[in-house]
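In order of appearance the chains are A, B, C, D and E, and numbering begins at 1 in each one.
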């Protein structure tokens, strides 16, 4: 009975497995060991590989460690200093984020008297649902969780849920600054979401489909950034706004409203809410790469086999994020009303133009 | 836009009673009745110094700000009455340690004016260099704080990097990075070697070069301009009425600088410009100080190139300070009377009043009015009608430093 | 506190906890006094505290280290305690600067509190202000403490043995000479070469008794009743702001001398002139009319004097404490409030 | 160093010197409360003020130097009496100042200050309770204060202030009652530094009071609150208190008998025989003061006053002065019997 | 001088954006780094940096000048074979008024400034602990100095370790001794004798004169060879009749 189920599963996994010639000998060896073989098969099963390994959770974790370190290092470099170093000098302090994370993990998580206790604790965890769900729809070549022609629309829809949780977090905190921060988050939400969605729609028009495969395929010659530079620009700026990055770090604005919605979080819970923005940035950058930078189009090394596409996508994503990290040391924070004004006047206008370009180009292509 | 009143019975939160607010209880209730919101900024707040601002907002617009100072009130005036005249020198520099030379200078000049001590030329030039170094240091400090208040961390790091050079210059000249206590009645504590002066001379150019980087990345940064321009405007009349001082007064178009109207030390012997602006907004206040930094660099260079030879301490007091310090300075007695000196500290007019009874070797009363305390009123007024987010921008544009105001 | 160190080092996960905490000591942004300037240097590009894992961070909930930067006043002590209680365990405190240790130069001031009496302190860093190196040394010592479990000073003295001697009968006196019967004269006439001043002085004679006390300084005495009208007249002359409000307590003669130092920004030739408009009021019932409606710049200065001397400025809207905390002694700047005296001989 | 003994009067008792003083003067009810011992004491142990002279814990703290005995005017007391030597006598009234009568003490001090004969002068002021306060007069303008001029009829610690003054300046003027004048002369004889006291103005005096006793007496028996008084006076055997509103209370001095300190009851010196110049109202018409010029320096000052015409000068009635001198001898016999009365003046 | 007006035109705005991006990328590629990596390297401060105070016990004359000039009252004299200063680092503000007041150069400043203590009691440094420089925890492998030219400044790293130096300047003060300016005013209180840490003042029998006339026998104070010129008696004398005089 169990053997049958295992055999069925094995078949399912093997039928849709990642083909990586480089590690094929190891895989073959492991396949001979019972029980381990099913695990290996599971890992190499494409939907699982996409969601959990690459570009999914495992890489996300690695990425988090990397981006926190890289951002701090890059900022430090621009600021005439060295950044995290002594924690692991040979690797230039790369595990600084790990140390911080561990410290957070073992610190007391305070739920203060005035907070709405259940929501205060639940919401940071709930916030992961809209963050993690898009991963299932983001394909990387052959590695894909759920394949659907509406993947881009779905991703955008899930992303739109994140601010709701942040607003709820601010409400549950029951703090003046959290309150002001939540209101700012709500205002920002309406400010960036419209141009963002229009920019995405313009690209969908351009490619004629919400299917990432179509989008990537259509960019095999010219990347989307050149096809529709205005949408590219609008997407970039709204991405900064959506992930609360300077110069639009308005809902958190530590010097003004003391981290806004997250003011009362401590310990592990703060660790969770702190990485929200980074994770969101990761998802949005993946989308950005797929829409504008040709997705997983790029190099192809024979030994890597199916791993080429996820790796390529990942490298592009990391490069984009690393470049985006520089704005943190470049800009001051805009004011909320200025941002809203820019957004509702310029950004929406630009996104309309982008939409026009998308429609026209989509019609031509 | 029509205002819609929501009739919800709102009670002021309990915590307002326990926080020891220096405002009456009915003010709090009134605020809540009128659908306003009280936000307490500070003293433990990433965007405030050591003070609390009680901000009353309607929506996002600030209605009124009540300062709650005194978090760094260290009883300086009382202590000064209980110390020897000379022992007060370290004390009076503590309000603003980054501006120690100017504070020191103001106090020492009050003693000198009382005792009619003629300061040698060389000492005057050395004092001027110290004062200007501290002025640059303070302006950079304020710029850094402004930067971090509007969220620009690089703008915070660069000035502090440049300040390292200033600290090094002060350390080489006086032996301390901040609180030099170097200016004493009659001159300075020690002569400064030619080598050190050359170093400082070269350092001014190094500072200038780095300031160019700072200008590109922060001063002329579009986000900086967006945040500071047209906020916290003080018109010329308002600035005069509320007694604003220093660069903040000059930013509103008043050409008042104590170094011009009542010259002291070597300021008459060097050429420099008084920097003013017309706008009176946050950016003008910032730019005035930025421009003053380059003026100060010029003053330092002129002082070093035309540094006269001679004594570093007046012969009326002693030949050499080393070893004589207690004997020559420990027993100063000022003739009876009141002596007031005005000094242009980095943040504005600094006033020292020493009242002596003519017999004691401790002052009878020392009144220290620091620039921060003088422009606090103007600062509070300029906040009215601005947005909550501008609070920090205006705070930074004033460079308000609570230890200086509270003494 | 020792239990936090124990917690960090204890248990099966001890090494991980220890390592994480050691390299992630985030000081909370609690600027208590002027040592904050050197703290900023320690975390700015000159020294970059982030190198050793210490990142200066916004608010209490997300940090685990308080660096007390110098003086803790009575008002600030509350805040320090609240901040400390807001922080999640385990948490540590480092105090920098002489003021925070034992008061430093303000050791006998009336408004200072020792942080070590408010919160448990791990390390003390001397200096006024300590150099950034000293602060980083303090953080390093805390890291070493977390590593080893015991606190260590960063320096060990090489002691020499000396015998204790016999105490002499008379110990040296204080060098301070304080007159028991001081006489305070605010307006001491001084002959100066100042033509404009003489003219101005003649004009001011209509208001009160005007005396030139130095170049650009005029003392103008009026009676209490005439203070407001004198201020009005000065305002008409072009004086537009108050630079200082000062009260001199003369218990010897049972009076307060209240001074308003008035100057001008709007009239060019009056800019350097500082008119000391002063009057004397009784010490028993110190009451004087406020000038804050004529010169708004006098407002906060008057409130301050109200705090310090208990002089009632009638017309100033503010009543109650402004600068001082509720538990500060009443009217500390009056002469009958005495401070602790120095001692020169230790054990 | 046991054998060491400074040149000093013999000890009368086998005690430390203060013990001698206490036995011979204070306990013998001879002490006139001039506070000279308090001033001279090298360890500042002797307290004066508003209480009888005391040295708490003198057995231990007294350094046995004998300075107090050396300066005490009542040690081996030989009463001075009579009008004494004088070179000139006038009755005068100051045109500049307002004082008790003719304000001649003020005028003489002011002239001496203006002539540069003295750098400062020790005066007695009062607070609102009519408690005496010492002021150091450095500037003539200080003398316009009505609290400084005018008689207080209470003990004041002028001599301690005088000692402070001689340490900080080279020429000092002094105003005091006859016993104080004697003490100053004794000090000058013993210690060269007191030669810096250039001008000693004596006041005509019959007796003086402890402040607390006087104010208590007035409040209790006469329902007079000294706080509201503007002037006190003794004229023609009557004690007069004037008030702000112009009303006055007067009663015979004899009623004050019970509070007259014992030291005054043995004093026969009415006209301050040893002073440079003695001043008092006796012998002049109302509003004028009698000035007995005894030494060259005083003569020079009076000549200057005359030359500048700052005072109105008349002929005095020396008979009245003589009469009071004799009267004082009569009512204050020495060695004491059982009888007394009082008076003292300050310009 | 008026500050220059900032143009509001979009082109100028764009140019400023470009400036910022340019500068940021330039720094990212070739950073002008100025960080002193403190625990690993030590910054060379000038010798006159005011740090830990060192006492040369053999030079100290117990004159109390350091204790009495200290604005923070951080110096207290402790009694051993004589009074020696001890610095209370819980109060010391490193103004070094004491070092400047020391007439013999017994106190000297070192540029040791990085200290951290675990308790307040241990910060009260006694004279016995001040005679030598303490050993400190050192993790430095190299030293670093700011090297400034007219163009820019950079860090100059040196492999050799920086020593903590003691800067001892001996003041140019001739030896002094107390003497009595005005013996006629002597109270005979012996305060000077009793305060003298060196037993240098004695009372000698003599005749007391006033105005040339012998008024009696008594004693007069005399300053002996033992006097080191600390001046304590001068400050102690209630009549201020003593003074310090330079001796050959």
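Operating definition for what follows: a contact is a pair of C-beta atoms (placed from the backbone, for glycine too) under 8 Å apart; a residue touches a chain by one contact, two chains touch by 3 or more.
All values reported here derive from a predicted model rather than from experimental measurement.
Contact with both chain A and chain C is made by B, E.
Simply put, of C-D and A-E, more C-beta pairs touch at C-D.
Closest chain to the protein centre (all Cα atoms averaged), using per-chain Cα means: C.
In whole angstrom, the spacing between the mean C-alpha positions of chain B and chain D is 53.
With each centre defined as the average position of its C-alpha atoms, the distance from chain C to chain E rounds to 24 Å.
A straight line joining the Cα centres of chain A and chain D is 95 Å long.
Distance between chain B and chain C, defined via averaged C-alpha coordinates, is recorded as 14 Å. The multi-chain contact residues of chain A, meaning those touching 2 or more other chains, are 78-82, 85-86, 254-255, 258-259, 329-331. Residues of chain D in contact with two or more other chains: 136, 138-139, 164, 168. Chain contacts: chain B has residues 45-46, 83-84, 90-91, 154, 157-158, 161, 164, 179, 217, 221, 330, 333, 336, 357-359 touching two or more partner chains.
The full set of touching chain pairs reads A-B, A-C, A-E, B-C, B-D, B-E, C-D, C-E, D-E. Residues 72, 76, 79-87, 93, 96, 98-110, 254-255, 258-259, 263-267, 270 of chain A touch chain C in their complex. Interface of chain B with chain A (complex): residues 37, 39-40, 45-47, 60, 147-155, 157-158, 161, 217-218, 221, 223-224, 226-227, 387-393. Note for the complex: chain B touches chain D at residues 333, 336, 357-359.
Chain E makes touch with chain D in their complex at residues 182, 184-191, 193, 203, 205, 208, 210, 215-219, 238-241.
In the complex of the two chains, the chain D residues touching chain B come out as 120, 136, 138-139, 164-165, 168.
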